[in-house]
Amino acid sequence: MVECFNKISQDSECHAVVISGAGKIFTAGIDLMEIGSIFVMVEGDDTARKAWNIRKKIREYQETFNVLEKCPKPVIAAIHGACIGGAYPKLIALLAPVPSLVNELTFTARKMMAPEAESSGLVSRVFQDKETMMQSAFDLAVEIASKSPVAVQGSKVNLVYSRDHSVPEGLKYMAAWNMSMLQTEDIIKSAQASLEKKTPKQITYAKL
Amino acid sequence: MVECFNKISQDSECHAVVISGAGKIFTAGIDLMEIGSIFVMVEGDDTARKAWNIRKKIREYQETFNVLEKCPKPVIAAIHGACIGGAYPKLIALLAPVPSLVNELTFTARKMMAPEAESSGLVSRVFQDKETMMQSAFDLAVEIASKSPVAVQGSKVNLVYSRDHSVPEGLKYMAAWNMSMLQTEDIIKSAQASLEKKTPKQITYAKL
Amino acid sequence: MVECFNKISQDSECHAVVISGAGKIFTAGIDLMEIGSIFVMVEGDDTARKAWNIRKKIREYQETFNVLEKCPKPVIAAIHGACIGGAYPKLIALLAPVPSLVNELTFTARKMMAPEAESSGLVSRVFQDKETMMQSAFDLAVEIASKSPVAVQGSKVNLVYSRDHSVPEGLKYMAAWNMSMLQTEDIIKSAQASLEKKTPKQITYAKL
Amino acid sequence: MVECFNKISQDSECHAVVISGAGKIFTAGIDLMEIGSIFVMVEGDDTARKAWNIRKKIREYQETFNVLEKCPKPVIAAIHGACIGGAYPKLIALLAPVPSLVNELTFTARKMMAPEAESSGLVSRVFQDKETMMQSAFDLAVEIASKSPVAVQGSKVNLVYSRDHSVPEGLKYMAAWNMSMLQTEDIIKSAQASLEKKTPKQITYAKL
Amino acid sequence: MVECFNKISQDSECHAVVISGAGKIFTAGIDLMEIGSIFVMVEGDDTARKAWNIRKKIREYQETFNVLEKCPKPVIAAIHGACIGGAYPKLIALLAPVPSLVNELTFTARKMMAPEAESSGLVSRVFQDKETMMQSAFDLAVEIASKSPVAVQGSKVNLVYSRDHSVPEGLKYMAAWNMSMLQTEDIIKSAQASLEKKTPKQITYAKL
Amino acid sequence: MVECFNKISQDSECHAVVISGAGKIFTAGIDLMEIGSIFVMVEGDDTARKAWNIRKKIREYQETFNVLEKCPKPVIAAIHGACIGGAYPKLIALLAPVPSLVNELTFTARKMMAPEAESSGLVSRVFQDKETMMQSAFDLAVEIASKSPVAVQGSKVNLVYSRDHSVPEGLKYMAAWNMSMLQTEDIIKSAQASLEKKTPKQITYAKL
C-alpha cells in the first residue's frame, strides 16, 4: 500500500495529502505481480487446501485497509516518497469515480504522477515540499480535533455506511443513528459558544 | 437546505444553476450544530421516547429532500445569495462522486465558493449575475418543457432508480418500464415532425 | 450506439479513445425518439402482448451492450466520426459519476463535443486526427496483450463485479476469485523475468 | 384483501387469527381478473399515459397494505367469513416461505381452506367459532398492550427491517436503533417489578 | 438433478409433483463427489487456467437450472424413480425455508424419502403410483393452460423477481410490469365470461 | 442464549438437537428486559456517549453469535435444560421462515415447548432423554467428520453466503469458490474408495 502511494509522486518533488475513511477506493483488484510473490509460497496438501490458506491471507491483507475505515476517527494520509522501482507492473486502480481512468490504470498498470492524482480527485491536495505537506496535515488534524467528537466520528460511520448503500438506505440508517446522537450535550455547548462569540476551538467537548 | 446552498456563493457575486433529481447528494450526514438546535427541544418521557420523536422529525426533514426526486418533473435549482454567517460549522458534504472532497468538507465543515462548486461538478453552471442565471434557468425549463413528457418524466423515474441500484437492476427495471412507455403516440408525433422539418418546440404532446 | 458516440465529435476533428468494460455508463435511459421508431412496429394482439414483445426487444438491445462487459478481454473503443444529424434529440446521458451533467444531458438531449467528453471523464483521451487515435488504440492493445491474461481478464471480471456491489462485497468476491488465480504460474514467470531484467513484453504467458 | 382472507374459511365454520406486521406476504402478484376491472376504466390519451395512471393506482393500492407494516403498533387480523364466490380466479399466492405452495396457488388460483392456512403457517391459529376467535384476538391485544411500548414497537420496526435485509444488515440496524432504546426507563421499571414479584400487567409504562 | 430427485422416492413406491419456477432451491451447494468427477478432467496449463475452465463449466451447469426459471411458462416436475445407489454422498440441500433441515442434509448428505419431502414442503404432493401422478400433473398443466397467459407468465416473472428482492423492491417492479399488463384484453374477456356464467376453460385467450 | 434455548424444554423432559451455521435465526430483536439490565449500567458523559458505548456492547454481543457462523466447521447444538424462571418476558423470535410465529413470539414473549420447536423447524430433532440426545449429537459429529473437509467447510461458507444473498448472487459466488475447490484431491480419493467399495469412513482426507 505504501508502495503504491509512493509511486504517485515517484518522478517528481510533489507531495499529496489524502483524507481517507470513505470513497470507493482500493477495491478494484490486486497487484498480481507484487503481492503474488507472497502467495507463491503458501502451504497446503493440494490446490484446494492452498486456496483455503490463500483466502485467509487475502482476508488478512484486506483487513489492513479495512481498519482505516473501521477506525471511527478520520485518518489523514500524508504521502511523501519516490518510486522504489521494479521492472514489472505495480499500480492498482484506485479511482472508481472515473471509470475510464480506472480501466486504463488497471489494464496498463502505468504510473500516475502527483498532478494527475490531484486532478482526478484521488488526492485532495498536492504540496511543494514535505514540510508544507506535514504542516498542512497537522493543521487539518488540529482543526478536526477541535470539533464535537460525536459529530466527527458519527459522520465517519455514516459516510462509510452511505458509500456501501443506496441513498434511501443511507437516510434510514442515519435516522436510527441520530435518535441518540442528537441528544448530545455538544449541541447545547456549541450553541452557547456561538452566542458567546467563541470559536469552535474554544469549546471543550467531552471525550468519546 | 437553502442555507446550505447560500453558503456556496457567500463571498462572491457568482450564481449557480443546479439540476437535481438524481445524483448521490445530500446523503452524507446532518449538520449537527445547525439542525441540532431544532432537536434539542424534542419532547419525551425518557431517552427512548425522545429518540422516537427525534426519528419522526428526521424522517420528516429527509422527506423535504425526497420530494425533489419523487416529483416526476425535473427540478431546476437557481441559487443566488450570500452567506448568513455564524460562528460554528454548517456545511455538509454534498459530493459523493469526489470522495476526498466529501471527506474534507464533512470533517472540516469549511466553506465552498461557487468556482469550486462548479469545478467539482456540484453545480452545473455558475453565472455572472442573478439576471443571467434566472434567464438561463427559465430557458432550460422551457427547453425541457418542449419535449415529450413521457420521455422526460420517465427518464427522471429511471435516473433515480438507477442511482440506487446496480447496472443490471437498472436495466431490468427500465425494460419493464418501457413495455408500456414505448407504445406512446409521442414517438410517432416526433418522427412525423422530424420528416416535416419541425423543431421539437413545434410539436404539441398530450399532457401526462 | 455507434450513432451516439459519433455525436461526441460531430462538429470537430477530434477523436476519442474509450476503454470500456466497467463504469456506470450506458445505463441512464433509452433514446425514445431514435430507438422508439424500432418499437413502433412491434406486433401483438393487445397492449400487453405488444409490451411482452417490446420487452424482448429491449433485453436483446441491452444485451448488445452487456456483451462488452461479459467479454473477459478488455475492449478499446476508438471513435471517429461526424454527426449524422437529425431534427430531434438523440443523446442520452452516459455519465453517472457527474450527476449534474447526467441530469442536464438526459433532460435536454443536447450535443456533447469531444473536449467536454474528455474533461468529464467520459472518454480517456482525445486525439488530433484519426491516424494518431488508431495508433494509440493499437499501442494500448499491444501493451495490455503483453501482460498475464490471468491478471488482465481476472481484473476485468472483478472490475465489473465491483461496480455492481458494495466495497465489502467486492472484496469478498475478489478473495474467492483469487483462491485459484494466485496459484498461477504467471507470478513465478513474471518474478523470474524481473530478476533477469526482462521487460513484460519479453515474457510469454500461456493462453487463457 | 378482505375478499382474499374470506376465501380462506369459505366452506367451513373455522376462523383464523393472523398477526401481521412482518413476513413476506402479499407480495407475489396481483389478481389480474378481480383487480383488473378497476384498471380497465383508467383514463389516458394513449397507452403510455394510461400506464402512468395505472401505476399511480397500483402504488396507492400497495400502500393500503404497506400501512399495516408502517404502523409501529402490531396489527392483529381476526378473520371470519365465507366465500363470496365467482366464476374466475381470485386467489393470489401469499406464502413465500413455502415455495411449492406459492407456485401452486399462484398458477391455479385454487381456494385454500382454513386448515391448510394454519398448517402452512399463513395464519397462526384457527378457531371453532367467531366468539372464541374474537376473544382470543382481544386477549392477545391486551397481553401485548401490557408490555413496554418501547420494546413492542421497536421490535416491529426491526422485524420489518430484518425481513427486507440480510442478517448482517439487520444486526447493524438493530445496533444503531438500540443505542437510544436501551436507555429507556422501561428496563429499570421492569426489573424493579420483577424484584417485587409483580406481573407485566402491573407495570405502567409511559406512552410512546 | 434427475439423480437427485430420484433419490427422494428411492425406497418406496411414492411419487412427487413439484411445481418449480420460483423458490430458493438448488442453491445451497454442489455435490462435490458426484459432479466433481466431471471437473477432475478439466484442461488447463496451470491451476488458474484450470480454474478458469472449471468456472465456465459450473456456469453452464448452473444455466441448466436457470432455464427452468427463465422459461416464462410454469414448469411441472413429475418425478418417479428409485435410488441408483452408490457408496458416497450425493444429496444436496434443496430446502432453504427450513434452515435446520438444509444444514443437516448438506453436512450428512443423507437420503430423503418422499414423505419427508412432502412434509417439509420440498414437493407439493406425493402420489400412490406413477399413473396417478402423471394424471395429476397433466390435469394441473391443463388447468394452468386454461388461464390468461398474460396473468400466468407475468406472475412467474414476478415470482422469480420477488424471490431475489426485498418486499418493497418486488412491489416496485410489479407496479412497473403491470403498467402495460393491466391494459390486456384478457381482463375484459374474463369479466364478460363471468357475466355469461362461463368457466375459465371456455374462454379463449390470444397466444402470448 | 443458553437461557433462551433452555426455555424451549423447560416444562418437559424433551431434548433438542439444533444444527446451526446457517438459517435466518437470532436476528429479529433483543430481549430488552433480560439483556437490558446489562446496558442500564453503561457509562458515558451524556446520552450520545452512552449510546456510543451501548453500540460497542451490542456489537460484541452480536459477535458471540456470529462466531458460530464464522467458524467454518459445522456447529451442533445439543440442548438440555429446564426453565430458570423469571417474572418477565425473555424469549425472542427465532423463526424467520414462519412469519406468523415470529410475530407472535416477538410480541408476546411466550414460552415455546420442545414439540413446537420441532414442528416449526426451529430444532431438527427432539429426544426422550439427555443420553440419547448426546449420543445422537456425537454420532452426527462423527458422521460429518468422516467426510471431505473441503466439501463440508466449503458448504458451510456457501450456505451462510447464500442465506444473505439472492439466488443469482449465491450461484455466482459458488462458481468463484469452486474454481479452486473442485481441484481438490478429495474427489479422486472419494471416487477411488467408491470403486474399492469402501465406506466414507474408510477414506482419510488431509486436514484443512
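By written order: A, B, C, D, E and F. Residues from 1 in each chain.
Rule of thumb we're sticking to: a contact is a pair of C-beta atoms (placed from the backbone, for glycine too) under 8 Å apart; a residue touches a chain by one contact, two chains touch by 3 or more.
Because the structure is a prediction, the values reported are computed rather than measured.
Fitting chain A to chain F on Cα positions gives a rotation angle of 180°, stated in steps of 5. Here chain E and chain F face each other with different sets of residues for the most part; under half of the interface numbers are shared between them. Chain A and chain E have centres, each the mean of its CA atoms, that are 45 Å apart.
In terms of their C-alpha centroids, the spacing between chain B and chain D amounts to 36 Å.
Along chain F, residues 24, 47, 50-52, 97, 150, 163, 176, 179-184, 186 each make contact with two or more other chains. Remark: chain A residues 18-25, 74, 97, 121-124, 140, 143-144, 147-148, 150-152, 154-156, 158-159, 162-163, 166-168, 170-171, 174-176, 178-184, 186-188, 190-191, 193-194, 197-200 touch chain B in the complex.
Residues 45-52, 150, 153, 180-186, 206-208 of chain F are the ones that touch chain A when the two sit in their complex.
Considering their complex, residues 24, 27-30, 32-33, 36-37, 39-40, 42, 47, 50-52, 54-55, 58-59, 62, 66, 86-89, 93, 96-104, 106-109, 163-165 of chain F touch chain D. The residues of chain C lying in touch with chain F in their complex are 172-173, 176-177, 179-181, 183.
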